[in-house]
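These notes are about the structure you will find just below.
Residue numbering begins at 1 within each chain, and the chains themselves are lettered A, B and C in the order written.
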């Protein structure tokens, strides 16, 4: 347990009131109950709960101003403080230490020290699992795979043969790492090639030949992967998630993709085969990056954007097909003014008609 | 087995023919074979199968009119009748009664009466499982979780620590309940903040600090959750699905979200962090609701809509960015008329040019 | 191991250099190391790696021209050659032959010859599993289901009761086959019906009645299904994937859907209830097909398209709402010209104003 003073010191805030109060829980202000609850206020609107008098200890941004709470910590950048607080008050997932008796570990696999491997996990031949790895339950690690130290695999995570996962990686439940790529070829040029070449469908996919995936997935240190997210293996080489990339739930990462360092890939994004996302790029929810295209370093792709050409570094793009944000706003503005444009044209037509008639009435046509 | 007369009575239909016929199966008219098959006709187009003579018993809407089937039940609102019929003829998922010998139940967990817990299920410490709960196989329930009575968890459902699921809830296979929220913060303002403030990327995500999720998921009674759908746990508090909300497959529900009563959330919808969906709202497939935004009670969000501001109650919105349906139709109309607008402008330009020339030829400019 | 000459013969290429070289691996040119590596070059840009001198053997398209590699195979249609090569060098998923001791097979199930059924698989009552079927681990096959010969089910695949899977089918990890359809009805007409009838929400979904799904899923021979993809069972009848249809990851296939032969359905596509995709149709990533609509044979639906009416055969559609590609391009062209249109209108307004003034100054109005 920490005291309020220790917490203030840890998060870098200024304390008002009694620093010796022991804190057991960090809670939303609506849920604060006892003397050992610390209510976290992220925005001014949340202060409405303070008037109820149940909040004895609060942590709040300096912008909020005076509050009636007996003890408080005043901070700047509250979202960062939230992160720090939840390091202190983290509630790690339950996995019993050691290897559960139902887990199956191939005799040729190696498992590090102080691991926690839960019920019904399976580790295949020649795979290596690092020290302090945690696997919650129903995790599978195929043959010749490697899991780095301190990595956490939640329930039902599937790691395919030969995939390599770094240190301190977190993979949420039901994620699929190392499924085969989606790659086929028609013996003769098929409908997609005909559409690209001519803009019409003049040849047909009478036969689809599978392109096997013999590559793997490489996940570097500190990457996080969301629930039910899929990372397909490379065709010949690798699909790679670079250091500290963060992927949300239900994301699709196709074969041969490379995702840069510190990327943020929000839920339901789709990254097509051999596409590339630069370092520190951000892709909003449900955005799509087609095969072979690139998103540059530090670019920001808005939610639902449909990329149709390479996105330069530091660009902000939006829409489907995606365009730079200023172009998008300009187009939206133009579209909103379409009724006015139409009205102005109509008005001008009337003016011209009237003027023409006037000129006609006063100036007989020379041919007349 | 029910007789045709009992069925007519149960669904509230009018019977023509022999009410004593025993019915074994309800089938699509194309599949009707024997004297004990009841063919369900939902629309006039399905009557084409009746002429084959294989349909002895049919249930059909009054709009269809006369059909040559010996026995029939005539109904109104056939889709409701379908629901009633399939209550009678439900084929529940197979799970053997009792606890399968391979299931692992922590000694500190409590399990109710008459449960059916299939192969390879795991129930963690201090969790409580209610009476008549069914878990098909490979289900995991973490520590200190609660599963209400009569709830059904299909294969590979993962329920995280401390999550609470109500009574009569149905969760389809591979759903992830209680994964960590997707939440990070940069020590200094990063690219997203710079984009919001200035419309350009002038600061960079050099470091991403994780915000742990210590909250949980609360699922109220009669909720249904689709296959491979993800419900992340709250950051501090809860992510809540209110009574009787229905979520389809592959839906993303981020941390701190609240989904109202009786909502219908169609497949592949994404609900961003701390967003809120009102009671009885409907969200079409692949629609997206960004962080912190709200959809009002009874609103209807069309498929693929990309919401960019709060949706009022009872509104119908469509498009990305989403706008009210009437505004969308107006814009579509304007866009379709753009070629005509262009042509009219061109025509007017020609008229003005001709008129100007005429005026010029007849009225020499004063400066000339 | 194959020699270079045997490989040239198998893929139909012309060999230059020593045909007797034994080849152990096919690699990306960047990864070529030893004398037994064969570097596969798919495009001219990949030839930059050849100058490093580490590539002793290359296979490359005729368009690339001369390269400094000692031994080479020159081919046409390199993507087809890639497929052929990876047939030769396939690295099949690891599953030990036989039935793993932890697998649970119901005594009433039947299992064919030479199967490989991995750890923690469960096969339910009366199900039939064909010869040479492979199940990696944590696979579940419910009651009365059927799995054809040579079919491969990866980790955590869930196959529901009564579903039928053909021969040589491949299902990637965490796929859900046979979940219940998403189907509800309100006792009285609800909000969706009111929106359709009137364009406004005037009635409300006070109660949602579940429509049970008693049908199944039928998957024909040579179909492939991606990771975390969901195929819901039919309401009364079947959901069917026809021969050789290929579905990528995270695809939603709702109840009663029919997907034609040789279709390519890219990641995150959503197919609504009772929709139909014709033979050889292609649907790009994240595209959506609403309930009851149809995509014709050989049609090409671009990524993120939102279909709003039936797509004719051989059509190419794009956008949300989706329109034919030529119409889309025309509209994009018009939108890009909107600023010019506005400027031209403004210019014309000025001309007309000037002309009017001139006419006014020279020709006093008759009323004046």
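Assume a residue touches a chain if its C-beta (ideal position, glycine included) is under 8 Å from a C-beta of that chain, and two chains touch if they have at least 3 such contacts.
Quantities reported herein were computed from a predicted structural model and do not represent experimental measurements.
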Using only the C-alpha atoms, find the rotation that maps chain B onto chain C and quote its angle between 0 and 180 degrees, to the nearest 5. 120
Over half of the interface residue numbers used by both chain A and chain B, so same, or under half, so different? different
Between chain A and chain B, what is the separation of their C-alpha centroids in Å? 22
For chain B, which residues are shared contacts with two or more other chains? 102, 120, 138, 156, 174, 228, 250, 268, 286, 304, 320, 335, 338, 341, 345, 348, 352, 355, 359, 363
Can you check the complex and tell me which residues of chain B touch chain C? 26-28, 30-31, 40, 77, 79-80, 82-83, 86-87, 89-91, 93-94, 100, 102, 118-120, 136-138, 154-156, 170, 172-174, 224, 226-228, 244, 246, 248-250, 262, 264, 266-268, 280, 282, 284-286, 298-300, 303-304, 314-316, 319-320, 325-326, 332, 335, 338-339, 341-342, 345, 348-349, 352, 355-356, 359, 363, 365-366
Touching chain C in the complex: which residues of chain A? 102, 104, 120, 122, 124-125, 138, 140, 142-144, 156, 158, 160-162, 174-176, 179-180, 182, 184-185, 187, 191-192, 195, 199-201, 204-214, 228-230, 232, 235-237, 250, 252, 254, 268, 270, 272, 286, 288, 290, 304, 306, 320-321, 330-331, 334-335, 337-338, 341, 344-345, 348, 351-352, 355, 358-359, 361-363
